[in-house]
Amino acid sequence: MRDLSLFCAGFRVGFRALRGGIAVALLFSATSVLVPESSRATAAADDTISIGVVLPTTGREGKPGQFQKEGIELAIKKINEAGGVFVKDKGKKLLLKEVFYDDGSDPQKSASLAERAMSSDHVTAVVGGYSTQLGQAESVMADRYQTPWIATGAGATAIFSQGYQYAFGALSPVEVLGATTVEFISKLVDQGKLKRGLRVAMAVENTDHGVDYVGGVKEWIAKHPGYFQLVFSENFELGSTDFSGLLQKVKASKADIYLADAHLQDYITMHRQYLQSGMRHQVVSYGARGPESDARKALGAGTDYVFAGIWWSQRLPYPQVAKFIADYKQFTGREPDSWYAATSHEAIRALAAAIEKAGTTNHAAVRNALHSVELKNSLLPGGVLKFGVNGQAGYPFVIVQNKPGDKVDIVYPKESATGEPIAPRP
Amino acid sequence: MMTAADFLNLLIAALMLAGIYGAMSVGMTVIYGVMKIVNLAHAGFMMMGAYFAYELFQRFNIDPLFGAFLALPVFFLFGMAIHWLLVRRLPKSDQPTLSSLLLMFGFWLVLQNVAYLTWGNTDMSILTPHTLSVINLGPITISTLRLVVFAAAVVSMAILQLILNRSWFGKSVRALIQNPYAAQITGVDDQKISRMAFGLGTAFAGFAGALLSMLYSFNPDFGRPFLVRSFVIIVLGGLESVPGVAFGALVLAVVETFSILAVPAGYQPAISFALLVVVLLLFPRGLAGLMQKKWRAA
Amino acid sequence: MKTGTPASGIRFSISSVLPWLLLVALIFLPSAGLGTNLIRLFFLTLVWIVTSVAWNLVGGFAGQVSFGFAVFYGVGAYTGALLMNQGVSPYAAMAGAAAMASIASLIVGAPTFRLRGPYFVIATIGVNEAVRVLMSNLAITGGASGLRLREHGPYRQVEHYYTALGAAAIAIAISAVIARSRFGLALRAIRQDEDAAADVGVNAYVCKLYVHAIAAALTGMAGAIFARYAAYINPQGVFAFNTSISILLMPVIGGIGTIWGPVLGGVVFGAIEEQLVANFPNIHLLLYGGLLMLIVLVEPDGLVGLFHRIVRRRGSDSRSKGIDKVLWGRSRLEGREL
Amino acid sequence: MSFDIPEKTICGFIGPNGAGKTTLFGVIAGAIRPSSGKVRLRGKDVTSMKPHALVKRGIARTHQIVRPFRAMSVLDNARVAVHFGRHSVKSAERARERAWEVLKLVGLEHRAEFSASAIPLGEQKRLEVARALATDPELLLLDEICGGLAASETSAMLDLLQRIREKGATILYVEHDMKAVMSICDRITVLNFGQKLAEGKPEEIRKNDAVIEAYLGKGALSGSSN
C-alpha cells in the first residue's frame, strides 16, 4: 500500500502542470460565460437580421437535424445573394444572419438554447425544433419571449393547441398524415388492387407523433366503415434496439396491412428485423419515413415497396423544386434526403416574406405578418405555404413509394403522381 | 391467438438474442472479475468494434463476421494500451472504486466524441448479401445473420471459458478473482494479468460490437442500451464467471422476449431493469452467486 | 484545526463570512441589470447546485454512490408540474414535490440500501431506467410526449431566480448542518466502514435511508423549480440517465464529500455545460471526458482539493503537505469503494 | 458447549488456530448468526441481534484486524462511538469530553488530531480498544488485541486492560498469545475444534494435561506469532 502511495505521489508531481491546466481551463470556462453576452450583443448589428436556429446535429436526431440545418442555410444564402430582405423602417435591404445552436437531441437543452437565442442574441425569430419532443420543449419559449418561432420538424398538433401567439409550424399536422395514408390505401381498394375489409396492424412510437398518427388513421377508418378493420395497435419506446417481440405480435395478428410510425433510426432497426422475421404484408408504411438514403444503405432492396406519407418529395413536378434540388446539390454535394431540408428551407423563406411584409423586425409585427403571409411558388405540396390560425401549416401530404433500383415515386395525390403504386407488395 | 409456431418463433428469437447479449457482456465480466472495474467504457469499445468492422467492410470488403474475429487481436492490444495509459494509474483496490467508474465513463465520452469527429453522426450500417436472408423451416423463420452471430457468440464464449480454465493466464486470472492477496503472494504478477485481462475484456467488447454491426445500424452513441443490459446480465450471472454470463444472458433474453406477451411493447425496455431490481432483492449477490453459495456449502 | 471533519477543512480555508457575502451578492445580482440570458444561466446553475449538494449528502458524506438521482429529480418535476396544473400555488407544489420525492426515495432506498458495492450502483441505474420507461408510458404523466405546465399569471424570470437561490441556500445550509452534526459523523463512519460503524452502535441502514430521503427531497424540489421554469418536461429529459450522470459529476468535479465542493462543481458544470454546448458542439463530449479523467487521475479531491493545494503552494512549505496527509489520510475519492 | 461470563471479570478464551475463538466472538457480537444455541445478556436473549443493537445493550467488540475509520481523526473515531454508544450521547461537548477521557485512558491523546490511517499499528490496536470503550460497554469483547505487537506494547496493552477492569467493565478476551492471557485473566476457557477443552483459573489451566497436550506444546513455539 505504502509503495503504491509513493508511486501515486511520483505520478502527482509529474502531473502538476496538468493540474494547473485544469485550473486554468475551468476558470476560463467559468469566466467565458460572461464573454459571449457582450460579444454577441455587438455582433447583432443594425444591418443584419439575426435568426436563431436550434436543431440537433448530434445525438439521436442528429442526421435529420443536419438536413434541416442545410435547408435553412441554403435559404439564407439564396436570400442574401439576392441582396437580403427589404425592411421598410430601415429603408434598405438587410442580410440574414444565422445564430446556430446544437441541442444534441436533448429537449431540456433545446428549450434552454432557444431561450438563449431569444434572450441574448437579439434574434428576430427562432426556427428549429426537429422531432416532436424537441419542438415541444422549444415552443414554450416563443410566447415567453414574444419572439416568433417556426417549428421546422415538429408536426404534432399538441404544440399548436396551447393558444400560443408566437409559435408556428412548417409541417402539416400528423393526423393528416395518418388520414392521408389510409385514404390513399382506400383508393387502392377502390381501384381493386386490394380487397375490402383488410386487417390493419399498427405499431407507433409512444410520442405525440405516434399518437396523432394512430388518431388520424382510426378516425378515418371510423368514418369510412367497410374498408379496413384495425386488428392490432401498440406503442413502442423511442430508440428501442429489439423489436422482435413486438413484431411477433404483429405477425400473430394476421394482418394484411402494416402501418408503423417511427423515427429514422427506429424505422431502420424495426424494418430490418421485420424483414429478418420473414413477414410480408400487402402494404407497409412507416409513417413519414421510407425514402431516406440511410434506410436504403442499411437495407438495400429491403426498403422496396415501402410507402411513406411525407411533407415534401424531390419528385414533386414543380419548377421551383428542380431549382431547389440543383441549388441543394451545389450547396452540399448531395441530393436532398427525403423531406427534411425542404420544410426548413421554406420556413426561412416564409419568415423572410413575413419580415418584408411587416416592413420591420419588430417581433409582434413579424408575428402578425407570419399569420397572414402566403408563400406562393413554395416547394411544398400544393405549391403554397401559409400558417393556419393556430400557427400550423396545412398543406397536403404526398405519398411516395420506394421502387426497385433506388427509385422513389410519388403515387398520391394523382395530380403530382410520378408513377403507379405497386400493391399488393409482389 | 398465439399459435405453437409463434411461440416457437419467440423462443428462437429469445435464444438468438441471448447469444448477442452473452457476447456483449463477457468482456465486462472479465474486467470486473479481475480488476473490480465497472467498465462504463464497454459501450464505447463496442461502438468502436462496430466501426472497425464497418471500415474493414468498406475498404477491403471483408465480411463483418470475419472482421469481428479480426477485432479480437486488435482490440486486445487497444485494451492493453488503455490499461497501460490510464487504468493502471488508478488507486488499487479489491473493491470497485468510484474513481475507476468515473475514469471509464470519461473515457467513454472521449471515444464517442472521437467517433463523431471521424465518422460523423450518420447512422452507419453494413449491408451484405445475406443481411436480410432468412431460413424457413415450415412455420419457423430464423434470420441467417442472427443465427451466425449466435454461433459466433457461443463459440467465442466457449473459447474464453477454455482459456480461463486451461491456460496459466486463466489460472492466475481465477486466482486473482478468488483472492487477490493470496494470488500476489504466490507470485502472480497482478499488473501484467490485469493488463491482459483488460485487453481481453476490451477484445470481447470490440468483437461483440463488430457482431452487432451486422444486426443493427450504429452511430457514435451506439451501445448505450446494450451497456445497461450488460449490467443486468453480469449481475444476474454473479459478476465474475463466463457461465454466469451465459446464464444471465439467457434469462434476460427469454424474459424480455416473452414479456411482450404480457406487457405492451412500450414497457418492454423496462422489463430488464425491473428484472434486475427484483433479482437483486431476492438474491443480493446475483443468481449465480446463489449457486456459488450452494457449491461452497457442498 | 480542532476536529477532523472534512467540513472544517473548508470552513477554515473559506472564511465563514464568505458564504453570506456571496448570498447577499446573489440577492442583489438581478437589480444590477443582468441580462435575461445570464439570469437564466444563473438560475439553471443554482438548480444544478441544489441537486449537486443533495447528491453529495448521499454519495459524498455517506459514500453511497447512486446513479439514480434523476428519479427524484423527475418525480419532483412531475409532481410539481401536475400540482401546479391543478392550480396549486407554485411553492406549495414544490413542497409537495419534495415530499413525493422523499417518499420515492424510501421506496427505492428500502430495498437497494440492503445491497453493497457495485450491486447498489447497478441497482440504482436499473431503477432509473425502469422509472423512465414507466413514465414515458403512463397516461397521467402524458407519456413520452411529456407534460406541459399551464402558466398562471405572467412569467417573471426574477421570481424563478430567487426561488432557485432560496433552494440552493437551503440545500447548502442543510448540508453544512449535517456535516457538523452527530448524524454527519455517523454518515462519515458508514462511508468508511459500514461494519465498524455498526460495531460502535450506528444503525447504518436507517441512517442511509434518512439521508437519502433528505437528499431526494432537495432534488425533487429542484426538479419542481426547473419544471416550473421550463414549463414543459418529458421523461426523456428529466428522467434521463444523463441527468443522473450530471448530478453525480458536479460533486466529483468540485470535491466529493465536502460542503463547498458540490457548489463549486455546480457552478463550473453550469458554465461548462452552457459554454461548451453552445460554442463547441463538436467537441464538448471530448472536453468533458478529458476533464473527468484528469480529475480522477490527477486531482481526486476535485476543485476544492486543487484549491487547498494552490493555497499551500503559495505558502510553499512542503511540511504542511505532509501534515495534510497525516490529517486526512487518503483523498476522498482515491480508493473510495462504491 | 456453554459457558458464563461473570460480571466485572476478565474471561480469557484461548485455543490453537481454528479452535473457533473468532467465530464464537462473532456470534456473541451479532456479526455471525448461530445455527443453534443462544446468547443471553443478564438472562435476556440477545441471540443474533444486529451489532448496532447489541452496542446499545452494552456489548462492544474490537476486531482482530483493526478497522479504524481511516479518513477520520483519532478523536473523531472515539467521538462516533460515544455518540452512538450505549447512551447515545447527543451533546457534542459531552461527547468530545468523553472521547478525550477515553483517549487519555488508552494513552492516545497525543494522537487525537491525527488521521487514524497515519498512526502505527500498535496505536491503531489501542484505538480499536478505545473506540469500543467509548461506547461505554458493560461487556467488552477483545479479539487478539495483542496480536502482532512488540513485547513492550503488549505489556502496555495488558496494563490498559487492568485499568479498564478497574473501571468495572466485564471483558471477554480472546488471544492467541498464551502468556498474555495467563497474566491477566481471572478465568480462562480453552477451546479446541469448537469444543470446550477446559475451564478455570489460569493456574488450573496451566496444570490441565489436556490443555498442555492440545495447546501448550504448540503454543510455546508459536508464542506470539500472528
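Going by the order they are written in, the chains are A, B, C and D; count residues from 1 in each one.
The rule is simple: contacts are C-beta pairs under 8 Å (C-beta built on N, C-alpha and C of every residue); 3 or more make two chains touch, one makes a residue touch a chain.
Everything numeric in this text was worked out from a predicted model, so none of it was measured.
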Q) If you average the Cα atoms of each chain, whose average lands nearest the overall Cα average? A) C
(Q) By mean C-alpha position, what chain is farthest away from chain B? (A) D
Q: With chain centres taken as the means of their Cα atoms, state the distance from chain A to chain C in Å.
A: 35
**Q.** Mean-CA-position distance for chain D and chain B (Å)
**A.** 48
Q) Distance from the CA centroid of chain A to that of chain D, rounded to the nearest Å? A) 72
Q) So which bits of chain A are touching at least two other chains? A) 8, 11, 57-58, 206, 235, 237
Q. Hey, what residues on chain B touch two or more of the other chains?
A. 89, 91-92, 116, 264, 266-267, 269
Q: Going through chain C residue by residue, note those that touch at least 2 other chains and give them in order.
A: 133, 136-137, 282, 291, 295, 297, 330, 334
Q) Mind giving me all the chain pairs that touch? A) A-B, A-C, B-C, C-D
Q.
Under the stated contact criterion, what part of chain D meets chain C in this complex?
A. 29, 31, 50-53, 55-56, 60-61, 63, 67-73, 75-76, 79-81, 83-86, 88, 90, 92, 95, 113-118, 131-132, 134-135
**Q.** Residues of chain C that touch chain A when the two form their complex
**A.** 35-38, 40-41, 44, 133, 136-137, 143-146, 148, 155, 230-232, 234, 236-238, 240, 242, 267-268, 271-272, 274-279, 281-282, 287, 291, 294-295, 297-299, 303, 306, 309-310, 334
Q: Spell out the part of chain A that touches chain B in their complex, as residue ranges.
A: 4, 8, 11, 57-60, 62-63, 66, 203, 206, 234-237, 239-246, 248-249, 251-253, 264-265, 268-269, 272-273, 275-278, 294, 297-302
Q | chain B residues touching chain A - in the complex, by the definition given at the top | A | 1-3, 6, 9-10, 13, 17, 89, 91-92, 116, 121-123, 125, 127, 131-132, 134, 136, 141, 143, 145-146, 215-217, 219, 221, 225-226, 256-261, 264-269
Q) So in the complex, which bits of chain A are touching chain C? A) 8, 11-12, 15, 18-19, 21-23, 25-26, 29-30, 32-34, 36-37, 57-58, 101-104, 106-109, 111-113, 115-116, 119-120, 132-133, 136-137, 139-140, 144-145, 156, 158, 162, 205-208, 211, 235, 237-238
